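First the structure, then my questions, so here it is.
Chain lettering (A, B, C, D, E, F, G, H, I and J) follows the sequence in which the chains are written, and residue indices restart at 1 in each chain.
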Amino acid sequence: MGIVGSTIKPFTNTAFQAGKDFFDVTEKDIAGKWAVFFFYPADFTFVCPTELEDLGEQYETLQGLGVEVFGVSTDTHFSHKAWHDTSDKIGKIKYAFLGDQNHALTNNFGVLREGVGLADRATFVVDPDGVIQLVEITPEGVGRNAVELVRKIKAAKYWREHPGQVCPAKWEEGSETLAPSLDLVGKL
Amino acid sequence: MGIVGSTIKPFTNTAFQAGKDFFDVTEKDIAGKWAVFFFYPADFTFVCPTELEDLGEQYETLQGLGVEVFGVSTDTHFSHKAWHDTSDKIGKIKYAFLGDQNHALTNNFGVLREGVGLADRATFVVDPDGVIQLVEITPEGVGRNAVELVRKIKAAKYWREHPGQVCPAKWEEGSETLAPSLDLVGKL
Amino acid sequence: MGIVGSTIKPFTNTAFQAGKDFFDVTEKDIAGKWAVFFFYPADFTFVCPTELEDLGEQYETLQGLGVEVFGVSTDTHFSHKAWHDTSDKIGKIKYAFLGDQNHALTNNFGVLREGVGLADRATFVVDPDGVIQLVEITPEGVGRNAVELVRKIKAAKYWREHPGQVCPAKWEEGSETLAPSLDLVGKL
Amino acid sequence: MGIVGSTIKPFTNTAFQAGKDFFDVTEKDIAGKWAVFFFYPADFTFVCPTELEDLGEQYETLQGLGVEVFGVSTDTHFSHKAWHDTSDKIGKIKYAFLGDQNHALTNNFGVLREGVGLADRATFVVDPDGVIQLVEITPEGVGRNAVELVRKIKAAKYWREHPGQVCPAKWEEGSETLAPSLDLVGKL
Amino acid sequence: MGIVGSTIKPFTNTAFQAGKDFFDVTEKDIAGKWAVFFFYPADFTFVCPTELEDLGEQYETLQGLGVEVFGVSTDTHFSHKAWHDTSDKIGKIKYAFLGDQNHALTNNFGVLREGVGLADRATFVVDPDGVIQLVEITPEGVGRNAVELVRKIKAAKYWREHPGQVCPAKWEEGSETLAPSLDLVGKL
Amino acid sequence: MGIVGSTIKPFTNTAFQAGKDFFDVTEKDIAGKWAVFFFYPADFTFVCPTELEDLGEQYETLQGLGVEVFGVSTDTHFSHKAWHDTSDKIGKIKYAFLGDQNHALTNNFGVLREGVGLADRATFVVDPDGVIQLVEITPEGVGRNAVELVRKIKAAKYWREHPGQVCPAKWEEGSETLAPSLDLVGKL
Amino acid sequence: MGIVGSTIKPFTNTAFQAGKDFFDVTEKDIAGKWAVFFFYPADFTFVCPTELEDLGEQYETLQGLGVEVFGVSTDTHFSHKAWHDTSDKIGKIKYAFLGDQNHALTNNFGVLREGVGLADRATFVVDPDGVIQLVEITPEGVGRNAVELVRKIKAAKYWREHPGQVCPAKWEEGSETLAPSLDLVGKL
Amino acid sequence: MGIVGSTIKPFTNTAFQAGKDFFDVTEKDIAGKWAVFFFYPADFTFVCPTELEDLGEQYETLQGLGVEVFGVSTDTHFSHKAWHDTSDKIGKIKYAFLGDQNHALTNNFGVLREGVGLADRATFVVDPDGVIQLVEITPEGVGRNAVELVRKIKAAKYWREHPGQVCPAKWEEGSETLAPSLDLVGKL
Amino acid sequence: MGIVGSTIKPFTNTAFQAGKDFFDVTEKDIAGKWAVFFFYPADFTFVCPTELEDLGEQYETLQGLGVEVFGVSTDTHFSHKAWHDTSDKIGKIKYAFLGDQNHALTNNFGVLREGVGLADRATFVVDPDGVIQLVEITPEGVGRNAVELVRKIKAAKYWREHPGQVCPAKWEEGSETLAPSLDLVGKL
Amino acid sequence: MGIVGSTIKPFTNTAFQAGKDFFDVTEKDIAGKWAVFFFYPADFTFVCPTELEDLGEQYETLQGLGVEVFGVSTDTHFSHKAWHDTSDKIGKIKYAFLGDQNHALTNNFGVLREGVGLADRATFVVDPDGVIQLVEITPEGVGRNAVELVRKIKAAKYWREHPGQVCPAKWEEGSETLAPSLDLVGKL
């Protein structure tokens, strides 16, 4: 596969975000920033709004870390706007939604369900070089957990920003890291 | 991509497991059971043992859920045995390690780092039909979290065993699920 | 091209229709009947609802003629339901809407805008043998006219049901037809 | 398909027009003008003259709108001239007829009936950039309606000449148009 | 090339013949008979009617020899009928005209002018086995001579019906033929 | 086919002509002149000498018209010379014979009988631009008529030299020609 | 190459032989016999008749050995006959000449001069199994020697008929042969 | 085939010649000279030494004519040397032997017996331009005749050195030649 | 590569062995036996006889072990016989030599020097199943050591005949072997 | 094959060597030096350590000859380090071990066991030009002999450094060599 470590392809999608007119997002808009692409199957459905709301609750934290967040489905930006206008859960969300009715972005990340036309329930975290660093996919009936996502983003940022150190299992911000060396080989 | 929803390919790998002679594992051995394939880069390194130990702490719980667990790297079963014999962290682990020096299993799951010969830090959960249901990949310097893995496996099992119900974001065993219907469309 | 005279390809799309649960429609459901496929770009937009409403006003007449009517866009059936629930114009419509987020039906009729993921503003009338008999396409900014559509469907039905007779320009139900013959050659 | 929105291919056809010697028409002659290509099966037949006459009655209006009009069949320009000389209906027509015995133009527009050598009963309206904007095809036994054609041409011209406005269903010259905006999403 | 000696391909063309309703002609209709296919560029033109009339004057003789005669152009049978109705020269002709607006027959005989859509001025004589025995082609501005055609058809029939004899240059019905033999080698 | 209207291909053949040493002929030798290529099956046979003699009688006339004449078979120039020395009919002939034992020229004109190695009984008239204008082919047992050939050559020359005029059927030198025009359409 | 040792391909050529009517020769006619194929460039030329006459003087001897003899050129059987009738040298020859104006036989033996259409001056001796056993080729200006050819045919026959014995250099009928054996290795 | 008339390909082979150290021979060494390549199956065998000895007896004559002579087999030059040292017949030979254990030269002349790895008993005479002029091949059990070879080489040299003259059958040095001309056609 | 572990291909080579007539050897002759293929560059050369003699001194031992021995070069069996007859060293050798002038066997084992036509100095030991078990190749100027070869053959035989035991470095007949087991992992 | 005589391909592998930090080795590091690549199946196994130890005992000698030595398996450099730390035999070794978990080097030398992922027990000696000069492969259960390896390396060096001399079988440093010459052909 090589998903982790691969660079994202160019894209252009129209976004809806509360309080703004429609606008286009491309790969250039996230150059130099961390970004989360949070795919979900369809507007107006069931698990999706709980996940989108859950992510919404971490949005301020993520903004604080300098991380862009995009919800993505194969619906249009018109549909995203309409959902926002009529749903309580969605209406509260501050981050942007990308319309991918053309399937291009979903295909680029490899999570278009063939013959169905809907995205998988998949999260990708892209680093400031446009390289995918974290992947998570759950099936149709299982919601993700935005808190754990934030933990992993913090670890990935720490690792990038502190060369020579790595974050062990379950690492939380502030806890100890490891510094690999010849002497540590076989000693853990 | 379609990783989630795809069926695993046949494989044959030699395993080391504490207290047993070397033995072969194939796709037939996990037919009808849930299984975790927990890939990591290399024996005798740094982040890996913390993750393997973290997973080891959930092994009893996972056994209680009827889930098979396999650690996998591109080292041989000889190397796994030697690591087990010389490392405190690894020496405590009860689940099996598969030797994949032939790269076949790592390639089947698409997580062989091209030109490097090592596996990604990737977790796959396979259902009793041999279908991949959960995927998680972190980069070289970021450890996973076995507690969250167990949460998702429980949700996936619940969803499989309770047709017509789905688990919302952050669902924990015992909390409420959702039952999708026409009336719920646009109402969440 | 040969659109007119070609047979429609098999399809399966999930439909929303007021007062019913979601249901699937295939080419078998229209075998032996005349059917109108009325493509439009997107739910929740502008020209579309005026055309859909205009067509809705002819629905009773078309039902009287035994003609099935389907609105089709690349939105999901969830989106169609949500639009129906929130729009006055759309809320009044009685005919079915097909969700084509998979693009298959739109592609079969050749009216998927490449690189956009939306359908053209295109009407196809299919005869009881599944053969396309009438085609009309207008650009993004120009609405169709359902009264003229009904006129042409009546003429096409008349021609099918009265072998040896043809309907001249602007023919209206009840007016004269022509019977081609050797003697008429060059006489009109 | 993408007919609407595609650009016409170069062509050279010999034309007959009442009161002129034979002359050639190419795609350059219509650059910068709206043009109607009105295909019909054959000279000296039955539905065709009624349609050609019907269109003839709108010719003055169309000239007033700056629209070029061409009747096209797979007959030669010699045949068009002979028909004009011997038919009352055709004898009155002022617009030009293109001889397409080479099938090139009919093929370019995709309306050559395979194995038959005759054109479909098809109308194409081309804008001043050479882009097809309106399509209409009826079967062998059903005549078109030139009044409706003029309505749609007027709407298409209006839309082109008034950026930001679109013509709803059944729009007639002078009636209201719509101006799409974020606020209108889901409100029609 | 091998035109002479090749067998004609199957064809189906609609014919106009004075005093009959339109009818189809296929290769089966000439099986067992000699037949002349007399191609010409277009109805309503200039050299063509003089040649068609010239051939018409030999039609009775050819009928007496049991030879079928077909005029062929890429015009329709409707056009042939209209020309017959309006031209003095053509109005007198008794043999059939085939409509080849589909170009199939003209192509089969290899005389479709590429990029023009008109037939060459070409004559083919086919024997009762469907084998082409005589070919003659003249350019656009040069008419053929039906008397010479009849001379050659008589010679070809004589040769077929008198095995062992051949017709020398300029042979006319009733004059001497030659019987090839070893003794004649080098003696003429 | 497109024989008439096609340009001859380059060739080099050794010629025998009474009273000269052997010499080569190429397509350059006939540039700017009319030329007749008169193919026949074989030296020392039966119909061939009568045709060659018949053509010989028109040679002076053709020379007067500036037309080159070549007899061609797949025999060598040695064989042509030997035939000339031993046959009365051939011994009188003044025009050149080309040796085509290499089959190249016969193949270029498309009249090599496949599997036999002999030429058809075929005449080609080439204009000063190297373009084939007249074709005539008769079967093995039927001789051609050089007088009719001269008639057609005269007509073709007339047409070439008098732009705007064409020669009707059976035209003989000095008789009337036609001048095509719009007014003549359908009037002959 | 592998000429010697290869089997001749099927062929059918028309032959001229003094005192007989023309007849066909195929590979079946020489099955079970030795045969000489004596190719030469052209009838009516210069070296050829001296070689053909030279071979003619050995014909009785060859017939005595049961060997068939064929002269072959790319001339026709008509030409062979005419040459026989007019040349003293050729007129005396009793063996058959094959007409190969189709080039097939010359090509099968690989001695057609490309771009020339004439055979090489080449001799092939074929054994009763149709296998080529002797080859000799000389250039255009060098004649062969039939006496040496007869010597080699006798040696080839002797070798075939006396298994275990071979004919040394310059062997003549009646002189000693050799019997290869282990003991002779390196002893000659 | 076209062997006669073809140019030899480049080669490099190591030679053994009595009284010299091993040396390489290439096509450049024979440029400007006549050369004989005398292939034979194998060192230490039976017919071969009689032929090589027979050729040896003509070597002085051939040297007098300026002709190079090479014996060639698929043995090495070591083997040639060893044979020379141990065989009376071979020990007397003065000309060079080429080692072709690489098969390249034997393949270039087309006389490698496929699947056997030995050369045919084949002679090639190459002229000073590197063009093959004479070919002779006999089967395994039949020896060649060096005297006849010398006769043909003399004739080929004579023909090359006396343009306009050719050597008839059986020509011997000093006897008459022929001068081809038009007048001689059919006179021999 | 996978030479070791691959199965030898079928072959047929003619052998010379002292005291026998020539005979053929194929892969069937060594089925069920161990065999040594001892390739060397050429008969009558320098390093080769010392190696062949060295191997000859071990021949009795190898026969005692039931091992077949073949010397192989691209010389013929005739050459092998001649060498045997004239060389003291080679004359003493009892094992068989295979003639591989066809290069097939040398190619099968992959040791034909490309462009040279000689074998490498290569040894292959084949087990009773036809599988290659030992390979050794030295360059042109370096001789092998037959004593070490015998040591390795004995070890390979021992290993085959004693499942579960392996021969350590430098193992000599009679010394200790190892029995791999889980407990030995990492303990040597 | 052509292994001996072929040039090694570029490579980059990470090495472990006692007393150093990990470092990379490429083909450039051995340019101008002799080098031994000593492949073995796996760390922590059975025959391997005996061979590695055996080679270790010759390391000082090889260093004295200026020869680089590399142990290579498909294990990682981490595993090599761990083995070194825990095994007595391996702990004593001074030469470097290359990690080839990527299989690239093993593949380049053609000794990766297909479907297994382990190297053969194979030794390659590369000369200062990067050309492979010595090859030895034994099966899984048979250990090599480092003393014999040293003998062959000395012979190969001698041969390289003394042009015109070669080392016979079993040659030991200081014993006699051979100087090939014409006079020696067939004399050994």
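As a working rule, a contact is a pair of C-beta atoms (placed from the backbone, for glycine too) under 8 Å apart; a residue touches a chain by one contact, two chains touch by 3 or more.
The chain lineup, named per UniProt: A, B, C, D, E, F, G, H, I, J = Alkyl hydroperoxide reductase C.
Small disclaimer: the values here were computed from a predicted structure and weren't measured.
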Problem set entry | Identified repeat of the H-J interface (over half of residue pairs identical), from F-G, F-H or H-I | F-H
Problem set entry | Contact-richer chain pair [H-I vs B-I] | H-I
Seminar exercise, completed: Chain centres from averaged Cα atoms put subunit C and subunit J apart, in whole Å, by 77
Exercise. CA centre of subunit G versus CA centre of subunit J: separation in Å?
Worked result: 64
Exercise. At what distance in angstrom does the C-alpha mean of subunit F lie from that of subunit E?
Worked result: 22
Exercise. Counting only residues that touch at least 2 other chains, which ones in subunit J make the list?
Worked result: 44-45, 78, 81-83, 85-86, 185-186
Seminar exercise, completed: Listed in rising order, subunit B residues that touch subunit A in their complex are 1-5, 44-51, 53-55, 83, 86-87, 89, 109-111, 113-114, 120, 122, 133-148, 151-152, 155-156, 159, 165-171, 178, 180, 184-188
For this session: Enumerate the contact residues on subunit C facing subunit E in the complex.
Result: 182, 185-186
Exercise. Which part of subunit H faces subunit J closely enough to touch in the complex?
Worked result: 21-22, 78, 81-82, 85-86
Seminar exercise, completed: The answer for subunit E against subunit D in the complex is residues 42-45, 74-76, 78-79, 81-83, 85-86, 100-104, 115-118
